[in-house]
């Protein structure tokens, strides 16, 4: 089923109010979280639009129906590329974070890992999971994923924390399910999602057994409390609001206060050896998703910089042109890392085709390293006006309106209204609370550069490079490059 | 006279209301501009404090009295160093921009340039100016400087603009003074200053003669309208507010709508050949001031990063320690550029000792190049919490208060209250509208890196380097390094 | 035919001696150019080796035979990927530059452009070219390409130069061919190639008509003089020489002193409108080739850094591990740009599948921007020893041999001989004339970063980004993203 | 006494031949080390030249005579500034490393530390040292300093090494002196110095007591063997050689094979608690010296880049001008750090005025971080010609001379000879073994960036920054900035 946004809204309204903002309990129709809801709307709209059929939607062999691509498990490189392309396209329209990718990354991680746990442990999580997935696909569920625990003391493992709730964990095992408690934090979109996947955030030891837990439940389940922070509070009724202003996001702390999870929704429980695997499956899938969305952020910053340069009438200056190519490079390199991750991915036992970790990580890391610099470029070209321009209302009323409309025009080709829209957009994009969010999420979302550095340290074939150097230095007589030898590389080039 | 902040407030209250915020005309007691006023208060307090006597204050030979150092014309390297030191110290307490330096940079530019104009043109601006300066020092006036014109089309000179008001200019010359009109923009502090110096923003040609105008008037002079934008709107009554939250800034567009300036306050009128000189005198003095304040910003970011690292209990991680030294380097290099600018400055005809342009420019440029990167470091170490933490009120009321207080503690050495203050500060500093302002002002205030690059292109002795290369390459037989030869370098080492 | 290196050597010996080194005329058996010849040998060996069949070789539809892949015109994305893979693999063994790719890039440019000229002008260059290509493939010719003219005054176009010879040009048109003269410079490998393609280096105007000339001739053709500079002079007889030391390269100035080119070898003559196209076809194909070789250079630097870290017994230090991932990132991002360039390439009228220019350029630019930094990492980890270690002979004879053998061991796991080989390799790689060549060629070979910046300025779809910003800013009501709309992107995803 | 270079040469000739190059024992007149000797000559010449009196020379209160400034102990900030200025000036003429600064840094370290050891331990090293210093000054001795031990396994302290000789240590204590053995490495200039100071290279523990040894002896003392590596072997007789080509350097491994050091030359013996202090005194003094020489290297690279730009006729391109300012910034920031280090230095108990560690370290670190980048700029502007130009002899003889002279001219304002000299210099500077040395020494000489990072971690007042943040965050009520309070800062501003 491909639902409409109206159906989605109906569902949100029916959910149990367990959202908190500023100390108040509110329902999911609270206007402060609307900007985020509108991003989900945008994805529902894309899937309804016949022009995007086959990209925003896909055929699911599991239920033999057309489904939202965000519900699909990729089974070949092409589907990974289509996912990346859809994220890129949607993120451009969303002005950045498309949010629903997390649900897709969550089911990907669960699909792959349940299969592997079953093989190692004789459990039957994967069957359970597929049953859940049928429901998820059939009902076009807007899902999300909650991974980041509040973590407490970073030097201690979960079971060593003074306060055990710093990581979500099992407190009771029953025949019909389990009871969990603890905190997750920095969870984007959960305030208006219909299901949330919960997965571990790190490698675990045997002592951390209770922390090895994964499940999917509706966010309004009894015992769940969601304290959310809409990123950017704006006047919701402003008729003039630009598309960028109407869209937004919110992040939440989730308190699991002895929450019951029925057995059929439990997908890991105690298999601590797979904590790290599950954590990395979600993280690496999400890093591949970033190779789609971050190029869109570069596109937007590039476009905004071009508008500012035009409004300043310096679009033809050589240093402006040169700086614009930095956005081109940032976008194209990250996108190509996603493409390579797709082509050199791995077919897992579950049938899910999983992106190559090395390429996904270098792509994601690059974007995290560049994000502040990209904003810096916008600032360099735009000048100080984005933080010193009079408030919007000064252009609408009072005795200075006429003068300010003259003041704002620096390029006669633009009307005062257009000039104002340009500078308002530059401000909204580059000098609002939203821009702080985009910079910080740009560094940390899906794992910060230091996490990708650690992943690369594990995944990259450094021994091969050392052997190469030993050969060239004359220490070893022969070079074993068997890994590169076969016509299809070990990295798994697998063209459809 | 060294005034108290109460005297300053009294004066503000008596000024003509010509401030506009969001379309409304307001007086200088409007709470939205209070955070900026408090920064001026801080400077008045320092000068009253006996502990800072001789640093926050200085003896003025002109009036033979102790004056606020921000009213003093430096006459030797040591006084330039003291100015830099005072700015550094005050900026730390102000959480960044100390604002009142601009008044000092304005009088410096006027003092030097009026003397030079008089010598070239036989005018008597300098005498007029000294008369004004006596008043300024005697009354401990809180001054500011308005340089940046709205500029209109960047490719056209002032006299070529479609709208002549894009640069402030003379529209009438009378016996008793002149009438000026036009727009200035991005003018910090003018909304609560008592006098404003107005100087040109660029080199001028003969056709731009009417744009060669400099003067000082009170900001509430008839015909002046100030549309101001307080950087960061906060609840003014919050008793819990941290010092950082209570301090702020505002920037303004100033409309000069046929404003009369009495003759004794006119310090340049038509001497277009000195447009560039006046513009650079202010800019270069201000760039030297930045060598005092930007190290303070690095200090604050360094300290905030340390608090975040401690709250995350990762203060001893090697990558954290390494990153902290980047703040040390940013602060110490910029500060040392200011010191060298002072030592290698020039004694001008006016008796003002002026900082060396090359050192002032490399110092300022460095800070502009690094500011986004410094925020990036804070983000790297702090993590995503600064944009995803629940709102402050969630920690104060409602049913999640107890859990959130547990949630927020990651290092048992800190209480929940301390932890919350740390993260609130990290948010205020790194993820608020204020941080956008600090980044963007950090790039553009006092001239952006590209302006310093242009200045360096003019001021740096590139020919000397080429001659050196010609000698070493064997093209020229002898190396003329007479500029380095004398025991006291041409750069003007002049120890007190 | 797949020739052996012995057959290649035989051919070299038979060529007319027209090579000059240090003022002397020498033949192609001169030991100073042997290190470069050995790189060609390596490619012949790979093609002979059954293990690399299908990668080092390929089936040519043109002559229906198995040919050296460097003689093949790619006809689909997969063949572009195979070319890139072969270059990567061979470059690892060559210790860097594989040299023979230039011949491949040359025939690619000629194939595509001759077809396009014929279509526009009614000429028959393409047929001629295919005839030549049959010969080239059948005889497994070791080709190269000479593009860079000596250029003279950079501010003047070819026809404006005081000395017309600064660009190769036609001086006589005969029935049976043309006569050309002028200088090419910085031409790698021509000193031991069997054929050289000559193509223009820049866009041309109608006045530059005589400079619009492309052809292929043997480098020992009458009138050609090749002044070559072997990069790194070493003792050729050293039995101990490491593989890295035995391999090398040379660059040449080529003087065309009224050289006759027979008609069947002329592939452009006067079609100035195609000067730029031909120049960019070679450049962009070559930039795609760089996406194969430069990752190999990163591999080698990575491996050398690992050996140095091991020899210093600091391999486990966290800053070492972190820095190693920078090589991983450099290699994987450049490689993925090549993959994306292949997948999003274009099928030209000639049947040649040509890499996507945007991806090829961002990949090449990245490598050019990073190369000095990568050497810096090696230096940081290795320490100063690579420039301060006693000469090799000190370890072989004289009274200090025993002490020096003790001195050189810093990690007991390595013998003195191994330690010495490590440090010798680090020196050869990072502190020899060869390393200067690799850094400088790493910046400029195939076009320097500024050339890729210019290419990106032309090829990247900046208008799309501006339109996106106009939509998000609320200036335009609709977003036209038709270019992203179709399931297969305009960029031309074309999976085999 | 101010000696002439002839007197210095005479002394060198009289020294015991204990230099080894490539397995051969040679005397100090060996032409391969002449390029380094010429740098010492240059310093002797400067001191003889009346024009540089007072800069290259200074009055020594110790012997009440005019001495070479490199023999003087600085007693105030001005003398530190003069040292820095002399190094800058001489380094420009030397084309880089001035070498003799190390001797000055060595005596500085010994002077300060002996006084402190005596105070703590009741020894009389300082008196002995002053006696030595009288001789050193009176005879204008060309000294050097040997600090870097060969170090062996980096994870082990000196006394833990398998081979005890990896650090120089005492093997016998006699009444009349001590016997030492071990290896020092990477010791610049020792091959042609007349005295060498030997100091520890790291912090020591009680077990390392034998490694706590400092002394000064002539490098030809019995038992000393010096295996030296001249950086860049060139034809010594080339009459055409440019000044840059005639100058050079060599580095040595020194083997101390049971060397007797007479008591009066022993300045530390067993006082392990001062190992770190002595090591840092030399290192930090040397880092201050770098603030003089590295700006000269930037000057030279800047000038070479200008010559290349002129020869390419692109000197007016905006990207060229912009890049040149990077050299200006590198030079001026490092120089200003040295100035600040001098002004904010410390008067030690010995009477030596010692540079501020924080400023010295940020200055030195900056230069180490930038050096590869500076060479990159030269490469960007110069193009590939520096590694592809025919050998010098091709321009002198053979049949291509005329053509090559035409070829080499790209800017009609330069003759062929000048053009050739430009490109030869660019090659010598940027693409020779010498440039590898300058890059690697630029990173590691005097301590690599990671060493300065560690020093900053110890010396920088991080607590002050944290306290500042605690105040601004509202955690602490008061800000204690007493360190900034006093009119003369704790950092020790001490104007002469």
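Labels for the chains are A, B, C and D, by order of writing; each one numbers its residues from 1.
Here is the rule we go by: a contact is a pair of C-beta atoms (placed from the backbone, for glycine too) under 8 Å apart; a residue touches a chain by one contact, two chains touch by 3 or more.
These figures come from a predicted structure and were not determined experimentally.
Enquirer: Once the contact rule is applied, which chains count as partners of both chain A and chain D?
Expert: Touching chain A as well as chain D, we find B, C.
Enquirer: So how far apart, in whole Å, are chain B and chain C when each is placed at the average of its C-alpha atoms?
Expert: Centres of chain B and chain C (C-alpha means) sit 51 Å apart.
Enquirer: For chain A versus chain B, what separation do you get between their C-alpha means, in angstrom?
Expert: 40
Enquirer: At least two other chains touched by the same residue of chain B: list those residues.
Expert: Counting only residues that touch two or more other chains, chain B contributes 319, 322.
Enquirer: Thinking of each chain as a vertex joined to the chains it touches, would you call that graph a line, ring, star, complete, or other?
Expert: Topology of touching chains reads as complete, every chain touching all others.
Enquirer: Help me check something: in the complex, which residues belonging to chain B touch chain A?
Expert: My answer: residues 20-25, 148, 150-155, 162-163, 165-166, 183, 185-186, 188, 225, 227-229, 231, 251-253, 255, 257, 312-314, 319, 372-373, 375-376, 379-380, 383-394, 396-401, 403-404, 406-407, 409-412, 430-433, 435-437, 439-441, 443-445, 448-450.
Enquirer: Under the touch definition given earlier, write down the residues of chain A that touch chain D in their complex.
Expert: Per the stated touch rule, the residues are 318-319, 322.
Enquirer: Along chain A, where are the residues that touch chain C in the complex?
Expert: Those residues of chain A that touch chain C are 51-52, 54-55, 78, 81, 85, 88-89, 92-93, 95, 240-245, 299-300, 302-304, 306-307, 310, 321-322, 324-325, 327-329, 332-333, 335-337, 339-341, 343-344, 358-359, 362-363, 365-366, 418, 421-422, 424-425, 453, 456-457, 460, 462, 464-475, 479, 481, 484-485, 487, 489, 493, 495-496.
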